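Letters are used for the chains, namely A, B, C and D, taken in the order the chains are written, and counting of residues starts over at 1 for each.
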Amino acid sequence: MRKILEHAMGEARKEIAFGETASYIPELGQVDKNQLGVCIYTSDGKKENIGDTDIRFTIQSISKVITLAVALERCGFYKVFEKVGMEPSGDAFNSLVKLDLSSNYPYNPMINSGAIAIASYLTPIISFKKMLEITRKLCMDEQITLNADVYLSEMSHISRNKAIAYLLESKGIIPGGSVQESLDFYVRMCSLNVTAESLANFGLVLAQGGIHPKTGEKLLDKEIVRVVKTIMLTCGMYDGSGEFAVHVGIPSKSGVGGGILSVVDKKMGIGIFGPALDGKGNSIAGRYILKSLSKELNLHMFA
Amino acid sequence: MRKILEHAMGEARKEIAFGETASYIPELGQVDKNQLGVCIYTSDGKKENIGDTDIRFTIQSISKVITLAVALERCGFYKVFEKVGMEPSGDAFNSLVKLDLSSNYPYNPMINSGAIAIASYLTPIISFKKMLEITRKLCMDEQITLNADVYLSEMSHISRNKAIAYLLESKGIIPGGSVQESLDFYVRMCSLNVTAESLANFGLVLAQGGIHPKTGEKLLDKEIVRVVKTIMLTCGMYDGSGEFAVHVGIPSKSGVGGGILSVVDKKMGIGIFGPALDGKGNSIAGRYILKSLSKELNLHMFA
Amino acid sequence: MRKILEHAMGEARKEIAFGETASYIPELGQVDKNQLGVCIYTSDGKKENIGDTDIRFTIQSISKVITLAVALERCGFYKVFEKVGMEPSGDAFNSLVKLDLSSNYPYNPMINSGAIAIASYLTPIISFKKMLEITRKLCMDEQITLNADVYLSEMSHISRNKAIAYLLESKGIIPGGSVQESLDFYVRMCSLNVTAESLANFGLVLAQGGIHPKTGEKLLDKEIVRVVKTIMLTCGMYDGSGEFAVHVGIPSKSGVGGGILSVVDKKMGIGIFGPALDGKGNSIAGRYILKSLSKELNLHMFA
Amino acid sequence: MRKILEHAMGEARKEIAFGETASYIPELGQVDKNQLGVCIYTSDGKKENIGDTDIRFTIQSISKVITLAVALERCGFYKVFEKVGMEPSGDAFNSLVKLDLSSNYPYNPMINSGAIAIASYLTPIISFKKMLEITRKLCMDEQITLNADVYLSEMSHISRNKAIAYLLESKGIIPGGSVQESLDFYVRMCSLNVTAESLANFGLVLAQGGIHPKTGEKLLDKEIVRVVKTIMLTCGMYDGSGEFAVHVGIPSKSGVGGGILSVVDKKMGIGIFGPALDGKGNSIAGRYILKSLSKELNLHMFA
């Protein structure tokens, strides 16, 4: 496997030239786009780390997976999906159109509007400190902290998300007066510093239905994990989710920090760090590597 | 003329049953919807007041006409229309779709997004106190004041306009950090207490190309007045502007407070107060009266 | 006036370089884009012809004005506007979006969907031969004929209009089975060969409320002419109508053949031929000339 | 399993009252909505038939799966997906908006626009007769024939699909002149008469990667089957696909004739006939049964 992975990474590096780091906040733009790291953690307890797997980067949208899982646990399925849908939107992650046009609810929890709505359900019942603790546990990584620079930078470039949040408020999807707190919670979760290895760890927890691979502790409910994996599959790679499902067929969630969390059901967790992004906001090298691994190791869900 | 007007008002009263006062803020909803007043002020100096022409109501969107005129004067045509268009949108007044979808500028200064943008250009250079003074002068009405109840009520139901304003900020249409101040300015202007007579006075000023009908003082530049009247004609009656132009053909601007400001070019100003609104937000009795007057008195611009 | 016009045309010629002839059908693309002609016909019986005012070109969308007028006369106001609106759309002339999205009727008779709907109301009750006769009379030009090359070329590039027509059929806006005939009628009307002078003649008829300037014959009902002029003003220059109303303020209708029909109410008809188009499909030199004339001769409706 | 299935069907019958047969063509509307049949065919060769599994109904949109598979085989992956996407659209199956608005390609092969495009690629290279033969083979059902009544009825209510097809033609997504033939091909495929058992048979072929369960013959390429199953999962249940994936997690395709084809990977094919539809066009009882089976038999792809 190491050999296959190394080969895939070699090829993937050639793609980096065609990608760019995220530009919408300065901190993300300054990252060295040539970094690349992949960690694979299999259910038989083996772990492969290649490249920059210990470099910290912000989790960004991958935090939506954690927030969704916690919300399902604390608020219940009905509350979470009362005003947030489960449908891929076919639009970019920060689109307002569908939300406004159809007077409807956010399409799913993986786009900003859905994630902000879910943040508003969580803020009254769970502290950010507790969320950090949960994240560390799920990722088996006690070093995860808030990246204050990114947090502050995002908070000062938040106009569009504010627009989304106030639109949600005006439609009664989030409670009146909850915008500020929800956005703060949302941005804090996006600003957590993880590594490719943290993501691989979390991935294996999901692959095993919520069970800690070493201690056997039940970290998440099996039903919740199933919901989360399904939504990762249909909505996890922005508006490229459908094509990714065809070519790769592994439930994954990407973030504009360059991370990808992938879950090969029952078999392995994969964490990737590659900050050069494609036009849809997915790690360009990461996507390439996952396609290669899926093919070479027969990891497609319908392989 | 008085007879024609009285007859039209009699018929118009029958329409009131089919309309409703504005419901989006409580203060507007509590108004007695059966009130009706029409004031006509002609260029030969005659003034007809029939019905509730001295009852105060909030100017609401009609203030967009004043704000536009002042912005054209203080900022210049180029600055005002650099990022705000002059096209009817074909959409409801508070739509976000066009704004987001086409990554474009607000369609025109008569919809909320355009008016908020223009407010952001004015706040750094003119105080609300000064705007109030100008409004009093244009309406020849020193009694115009801020309706504090409506102002506070609107400020506490402002989520949708906040969404619009932050979207404008995110697109660079309004300066960073100007949202709060611009919205405050915008809502204050909407909350000014006028009467049907104030509007008739202002209407005659516009009909006469900016000249005070009594003193002969030049209150507004002739070119600016021409722009304002044209935009009232094409965009002044929300998404019913086109039909209104066909049937009535008088540049007008309505507000959800129940007011309509109408300008029969060179001939007269008309002010109406009738708080029962039709589905598009226009005074239902007011629209009826203007249609009657246009027909009976031959006031259509292409009559 | 001749001097002012000559100066305006001189300046306008400089704009031609920035425009292009219509490209969607080959025949229109082959026209020499440097041609320019303006004819002004005033209510005192004087006529100014400068430049290429006797060159024939296809009337294209300007025919929508004739079709609308005839439909109002033959079918009545109610029938015409039962399923076609009077609102500017804010979208490009051949847009399907609004039509589909809102399950609504065509926005107005000046966009393709509205004009095709109106064609379907006329085909059962009036022949193309009769329409040609009416057009000749309104334009005081017996030489108007069908340009067979353009007609055939348009009929073989009609996919998008077919899409519009079948969508209209599926929504019950046009009768079942009427698509082919309506499109044929629509394209024939677009393919009529006129001159700048024909348009000026027609313009003066409209300026005089439907009266033939020489014979005094009533060619069109006064009420109908008023409706037509208003819709030309709000919707006649594609999605640049609002800006044109502000800057020029003369009811006008343009066609992608390079023609513009303009109506200075009560005063004059103006016909322009200038096949270099701007990005919205309006004659680029024609627009410039009308702006100049409006300013120099004080022709704005609210001047 | 039979017991679980019987129980699920009993419960599902209660849902039928809340559904309606398809109304857009008369023939579909006349079907008895209380019919219900389920056939399950497992990879160990067992087959369960309960209820109306031998009643013939038209395959409708389920034919899109067959057409896609054949197109992938005959035209290749690149050609099929050159101008048709793989993304869920988040819109209704017959939407024109996305197609027009973004000047883009059809979102995926499971919506009408995508399926019509694919039909246009197939018509020049394969006859309907051959398609019928392939369908019979894939469904192991020699009795499949064209339902002439439904075919004719659909061809006479085809305005909207014609609109879609001409829009595709105007955008160069389908070849010029191919509209009629493509629509005829498309409607013929929709009008094939199948049974719940035919669908179960086809489902097992897909579950086994394209291998005939009895003869072992390779009917479809494994790679193609993987693509097809993935697209069924993300796009197969109209704009309810995302929710269905969460709750059921079985690649499925429904048709407005009341059929559902479901593929439990490697394990079984399920065919359902239940013509009472929910608001999105899916068999209301069928959906209920699949949800029950998924839960009781642990059939979710991430169970």
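In this text, a contact is a pair of C-beta atoms (placed from the backbone, for glycine too) under 8 Å apart; a residue touches a chain by one contact, two chains touch by 3 or more.
Bear in mind that the values here come from a model prediction, so they are computed numbers and not experimental data.
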item: Intersection of the contact lists for subunit A and subunit B; value: none
item: Length of the line joining the C-alpha centres of subunit A and subunit D, rounded to whole Å; value: 32
item: Separation of mean Cα positions, subunit D and subunit B [Å, integer]; value: 54
item: Distance from subunit D to subunit C - Cα centre to Cα centre, in angstrom; value: 47
item: Sites on subunit B at which at least two other chains make contact; value: 101
item: Pairwise touch network: line, ring, star, complete, or other; value: ring
item: Chain-chain contacts as defined at top; value: A-B, A-D, B-C, C-D
item: Subunit D residues within the subunit A interface of the complex; value: 85-91, 98, 107-108, 225-227, 229-231, 233-235, 239-243, 245-246, 249, 251, 265, 300-303
item: For the subunit A and subunit B complex, residues of the former touching the latter; value: 95-97, 100-101, 159-160, 162-167, 169-170, 176, 179
